[in-house]
Amino acid sequence: MALLPFLVVALLYEIIPLIMVIMNSFQSDAGTGITLENYQTIAEKLLYQKAIFNSIRISLISSLGGIVVAFLGAKAIAESKGKIANLFMTILNMVSNFAGVPLAFAYMVLLGNAGFMVHVGQKLGISALADFNLYTSDGMSMIYIYFQIPLATLLLVPAFAGIRKEWKEAVALLGGKEGLFWRKVGIPVLMPEILGTFSVLFANALAAYATVYALMMNNISLLPIQIAGSYVGEVKTRPGLGGALSVVMMVLMCLMILLTNRMSRHFQKGGNPS
Amino acid sequence: MAYIEMKQIVKKYGTTSVLKQINLDIEKGQLVTLLGPSGCGKSTLLRCLSGLEEVTSGKIFLDGQDITELEPRKREIGMVFQQYSLFPNMTVAQNVAFGLKLKKKSEGEIREKVKNILEIVGLSQQADRYPTQISGGQQQRAALARAIITEPKVLLLDEPLSAIDALLRRSLQNEIRRIQQELNITAVFVTHDQSEAMVMSDMIHLLYQGQIEQSAPPAEMYLHPKTRFAASFIGNYNIYTDVQFHQMTGLKLDREMLVFRPEAVMFCDPGRTEMNSYTMKGTIKSEIAHGNVLRYTVDVNGVPVNVDTLFQGEERYEKGQECYLKIAEKDCISY
Amino acid sequence: MKKKTKATTFLMVLIMAYLLLPLVVTIVYSLFQKWTDIVPEQFSLGSYVIILQDKEFLLCIVRTLAACVIPIGITVCIILLAMFVTTVYFPSLDKYVQIICMIPYTIQGVILSVSILSAYIRAGSFLGNRLVMLFGAYSVIIMPYIYQGIKNGMSAINVKVLTEAAEMLGAARMYAFFRIIVPNILSSIVVSALLAVGIIFGDYVLVRNLTGTSFQNMQIYLYQTMKSDSTKASAVFVIIMLITCLITAVTLYLKNKEREK
């Protein structure tokens, strides 16, 4: 009936491609039927191991950094009412659209080899800035953290609506300071949302392509670059390998989701009142 | 043949029976109430009549026609829901006109009818307002107008006043009853509030656990509840087991329970015995004014008895005071 | 209390500064010809003049925006139809519709682009057409947002009661859904459609992998320009940011208007 168009589109552009990717991963690029050789290649070749390791590393770092900043930012928004909070939210919304090629470009202007901050660092003698190399995995984590912050903050803001001021008042009356409240009550209560946001951040970072490509093209060892590289490019396409790499990426995302789910269940005593 | 006949209605959700063999007749032009506690099935029965729920088995006849298999929109039945049923994107006037528009009536006719009905329900000033701009009571009046403007055969009301505050509820009860009688509409009203049912109905059907406990006009149901449940639900009956009765009067009861109304038991002079009455001696435990009724709770040998008198303000008993009560046998009902 | 407000304000300002820094620096970069020292030199709007007169660039903008319209239209229609069926006839299917709509969250970007590519590159004329693949991909990546928007809109109004009331007044179910429910969730649909515009506008990976450089959207244009002329690229950047900010501003405005109601 009326479900048909929806199912057709979903099937064509979501389900079938997904299935094919998984199937491809088990097919040899040389064309000889079902095989695990793609996975073997990944496990053996240093290039792919590095790519996976780098991707996980940068995703974890940026997600952690992003969520810490986002927590503080969302808390700040929740605790103030005025114009500044509104402005902050507006800027967060604006900047969340910033990711991809434009972001890479802006960072090149800012922290590239001839970048503004680099000049400042050279002039003022701050070696951290002067010697900053954007074009490494570590340099790029700056950019990753940058685009994680708005996303994470916007996701966490609604969660703070669930912190009742009565809890804070109870802790204060019982003699506790604010830091104690957050350590013992606030953060544990918010853990499900924090963990959920963390897993979204992780997936976001793991799959980031445009920003990285704009800076480094294919010259960096990260998972999304390798995946795209096996399908598109000058060299012969290797859909089998690309499929296997894609499966690895999806598995990593799912693992993170399962992990955060499991952890958050630990914090959800007696179910969610929401 | 009654105007509405519901025969052998059974409604099951999976293996749970919500309605068990309901048989119900409704006469034309009457306002009947389906009364009962939550979960008794009254709303389900109403929704079966409307067609929004399908019966598992049984038949429904309206004006001689079998409507059991008919879709809701073909049954010519109007319905007022508990709340939030007005379309938020339309004004009051547009909401009310909706049903007529669907029937493809002419612009002029629609305008005329909307004007009239809004006057009847007292919303002429609010015609161009949106539902979010009017109060809960006004919303329900608009919902009422919308439901009756198409002149349906039956009007169903599913706890329409439950979300309205108490003071407003009384005047809306009167208004609904007035409109129903003026326009001579057959109406079926669902509520859990027994005083509401008493005030509005020509006939009350008391439901409990999916079955009809008793069907009677309000006065009859109040004075002669047929089952224990009815006695506990209607009014404020004093309810006693045979053990308690023995404690109070020293007499033996050959039934399990005995009930009587708090206004039927009276204070009397000591030492007087009357024919066909039970007399008891007790002590005043408490005295609470419920509006115009003064309720005493009297301790009779360890058993509490509620005694209601009109609050005249003159002679009042005091806490701890000794007193004598009498209740006519005919005012007692035993099960 | 005072101290706390100061601290929170300071924190927010700090984060805002961090977020705005690259933006501001690049804007400044686009407005000056020379910037080798701390202070830029030679203020000029020359770059802007050049690109705004570049037909290719203007075509790019149009192309990018046009690419938003079709997928959004498709997705809104199909999800509305699907949710019509699940709300009115089969509520139990809603779970599956939700799962299907949420999957793109995880397979976004790279994986979706390459999987669609490998699936249809050798297919016949219609499915193998690059633009068709692109629009199909876009329709899928915006599904979570459109679905969520429609869902949120529907939970704000009491769908069940409204549909039943319309039914009792004589309306058929489809009439009730499209004439009563949809108008009431229109603002939610518009907000999520704008979100989708933002996403499609900012997409690079799908366009590049599916159409190579044959379909030049704004992001590809920026990428190509930044390899050659960075001053010009920064002007392009600013224009992109302006358009994106405009979209965001309109979205926020509509969201707030909705909340006031």
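Just so it is clear, A, B and C label the chains in written order, and each chain counts residues from 1 on its own.
Quick note on the criterion: a contact is a pair of C-beta atoms (placed from the backbone, for glycine too) under 8 Å apart; a residue touches a chain by one contact, two chains touch by 3 or more.
As the structure is a prediction and not an experimental result, all values here were calculated from the model.
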Chain contact topology (line, ring, star, complete or other): line
Chain whose Cα centroid lies nearest the overall Cα centroid: C
Most distant chain from chain B, judged by the mean position of its C-alpha atoms: A
Euclidean distance of C-alpha centroids - chain B vs chain C, Å: 54
Chain A and chain B, separation of their C-alpha mean positions in angstrom: 59
Inter-centroid spacing, chain C versus chain A (mean Cα positions, whole Å): 18
For the chain C and chain B complex, residues of the former touching the latter: 157-158, 161-162, 164-172, 175, 180, 183-184, 261
Residues of chain B that touch chain C when the two form their complex: 50, 52, 71-73, 77-79, 81, 83-89, 98-99, 102-103, 132, 143, 146-147, 150
Complex contacts: residues of chain A adjacent to chain C: 1-3, 5-7, 9-10, 12-18, 20-21, 24, 69, 72-73, 75-77, 79-80, 84-85, 87-88, 90-95, 97-103, 105-110, 114, 116, 119-120, 123, 146, 149-150, 200, 203, 207-210, 213-214, 224, 227-228, 230-232, 239, 242-243, 246, 249-250, 253-254, 257
Touching residues on chain C, where the partner in the complex is chain A: 4-5, 8-9, 11-13, 15-16, 18-23, 25-26, 29, 35-38, 74-75, 77-79, 81-82, 84-85, 93, 97, 100, 103-119, 127, 136-137, 139-140, 143, 198, 201-205, 208-209, 212, 219, 222-223, 226, 230, 233-234, 237, 240-241, 244-245, 247-249, 251-252
